[in-house]
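Look for chain A in each of the two complexes below; its partner is chain B in the first and chain C in the second.
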Partner chain A sequence: FGPCQVKGVVLSELWKAFWAVKNTVQAQDNITSIRLLKPEVLPNISDAESCFVAHALLKFYLNVVFKNYYNKRVEFKILKSLSTLANNFILIISKLQPSQENEMFAIKESAHRRFLLFQRAFKQLDIEAALAKAFGEMDILLTWMEKFYHQL
Partner chain B sequence: NGVAVLPAPQNLSVHSTNMKHLLTWSPVILPGEMTFYSVEYQGEYESLYTSHVWIPSSSCSPTNGSECDITDDITATVPYNLRVRTTRDSQTSAWSTLEHPFNRNSTVLMPPRMEVTKDGFHLVLELEDLGPQFEFLVVYWRREPGAKEHAKVVRRGGIPVHLETMDAGAAYCVKAQALVKTIGRHSAFSQAKCVEVQGESLPL
Partner chain C sequence: ATCVSGGLPQPTNITFISINMQNILRWNPPAELQGAEVTYTVQYFIYGQKKWLSKPECRNINRTYCDLSVETSDYEHQYYAKVKAMWETNCSRWAETTRFYPFLETQIGPPEVALTTGEKSISITLTAPEKWKRNPEDSTVFMQQIYPNLKYNVSVYNTKSKRMWSQSITNHTLVLSWLEPSTLYCVQVEAFIPGPPRLIQPSHKQCVSTLEDQASALKVR
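So, the complex of A and B:
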């Protein structure tokens, strides 16, 4: 992710985990007119900004989306996928060290505005609907993450 | 009410080689019917964010052996807690938990098995298929004083790879090591295997 290097993650494992539950999860998302990861949130992000955006989004998924899903009585198959995604997100976040230098302030602010767009859209929905939509949009997030994934 | 009547399994340990992870424990010997075990795991996320959540192992909940292949359960390079309990009818033992969390980056990496053959004048190599997380560094050379080594990265085992077109009468040798990018480690090189265009495979 731009200046942030992440190693030790097999994106195909994340895709495999998501594909296993994609239909189940996306079927729970009844509000098709709204998208959390809007075009203004992810596309056209500079490399420098991507580290900040990735860090904010993944942290949100860990603290809010996954956590709430774990507390629901989800079926075994979803729990396994959640575990794979959550534990890899923890690994990624532990490697993402967004720069805290002053000249990065503007980039950091821009990234934060993008994240707020996502978070605001999430909060405008009922929590159950928001969780289903956020989890269902995992393919948008993984596709975006894949752009920064280089086969070393 | 069937709680903690049975003895719990002891001596849990994980044996991991080439990213295949096997959890083992000492069997619980009880008279009469067969004893079963249930295995559960918890990744770093679960232990940090939802410590009450344990996930049944894909292949061993239940099982009647005293080992469990947890490879498909360990899907991130983070520490995993593992626990086992004995079950029989409605009775269950207490959980026994692995003393130290297991991280797949501690797996023992062994050199890959390989077949070196010749197809006419073509030097052909087939490496052991160790799964999608493995790549291989292959080094080959013509066996003569001062010979230059050639290196090649092979992305996947289990398929023949053409290395070199050989000269008549010359002998060529090959060695390989396994690479796992997920954990940033590699095995030692295998023992070299040589073939001669007219001769059979000559072990060193």
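So, the complex of A and C:
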């Protein structure tokens, strides 16, 4: 992710985990007129900005989406995928070290605005609907991550 | 036309068949109405937007497929489609697809494979599969331009020793060296992209024989 180097994470494991539950999870999302990871949130992110955005999004998925989803009554198959995804996110976040240097302030602000677009849309929904939608949009998130993985 | 909704069973197995970004919606007629003069109407939806959209060419049609390649050609988007059956004054409820993400789900067609033989070598030249074109005269876009991380899996089979091996490459040429002369080798290639599991279409198997060993040919004379 731009200046952040992440090694040792096998993205295909994440794909396999999500693909196993994709249709089940996306079928729980009935509000198809709303997309959290809108086209304006992710694409055309500079390398430098991608580290901040990835860090913010992955932390949100870990601390909000997976955590709350885990407490719901879900089938075992989803729990199994959920823990694979969560464990890999913990690994990635531990390796993502967004720069704290001053000259990165503007980039950090731009990344934060992008993340707020996503978070605001999430908060406008009822929590159950928001969780299902965010989890169902992991294919969009992983596609975006894959593009940065490819560039390493 | 107005009709009694739910008076007919729904079409079944509604799904997108997508190869090189040509996205065709297919379905089966309602179970009990095989052969009846049933017509169908299709609509599609862009995830995150507000309205279902119609495709005029797929309204009141007899066939059980509808090409939605143009309507679903934006890689950044995900789509749904739905179909309803109509017969006389009755119609079914809509039958809907799961969320369709062409960028992740399109099958990658086989590359074109050209083989040239040497005494103990075979040169393989690959041409990437082409993306579906709206019009034949549109400029060609290769799938590798859409997926920079596209790779090829080359499988080689020695018909004499019955040995098979394969190799993953990213560029378009591969020279197989240290082969046995005067031996028939079969080659098959498939294109794949790291990411979610995708259906893969391998190339046709092509078999060529390496040339005769020139040294032994001279001795014989």
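As a working rule, the second predicted complex is superposed on the first by the 149 of 152 C-alpha atoms of A that agree within 3 Å, B and C clash if a C-alpha of one lies under 4 Å from a C-alpha of the other, contacts with A are read in each partner's own complex, and residues count from 1 in each chain.
Note that a residue touches a chain if its C-beta (ideal position, glycine included) is under 8 Å from a C-beta of that chain, and two chains touch if they have at least 3 such contacts.
What you see is a predicted model; the values in this text were computed from it and never measured.
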Touched partner set for A:Thr143, first chain B, second chain C, both or neither: second
Given the touch rule stated above, what does A:Ile90 touch, chain B (first), chain C (second), both, or neither? first
Chain B versus chain C as contact partner of A:Asn30, first or second or both or neither: neither
Considering only touches as defined above, state whether A:Leu79 meets chain B (first), chain C (second), both or neither. first
Figure out whether A:Asn44 sits in contact with chain B (first) or chain C (second), or with both, or with neither. neither
Report for A:Ser12: first if it touches chain B alone, second if chain C alone, otherwise both or neither. both
Going through chain A, the residues touched by chain B and also by chain C turn out to be 12
Which residues of chain A touch chain C in the complex? 11-12, 15-16, 18-19, 22-23, 26-27, 32-35, 38-39, 43, 136, 139-140, 142-143, 146, 150
Name, in rising order, each residue of chain B that touches chain A in their complex. 43-46, 48-50, 53, 55-56, 58, 73, 75-78, 105, 132-133, 181-184
Contacts from chain A onto chain B in the complex sit at residues 7-10, 12-13, 17, 62-63, 66-67, 70-71, 76, 79-80, 83-84, 86-91, 152
Quick check: in the complex, which residue numbers of chain C touch chain A? 45, 47-50, 76-78, 80, 98-99, 101, 103-104, 148-149, 194-197
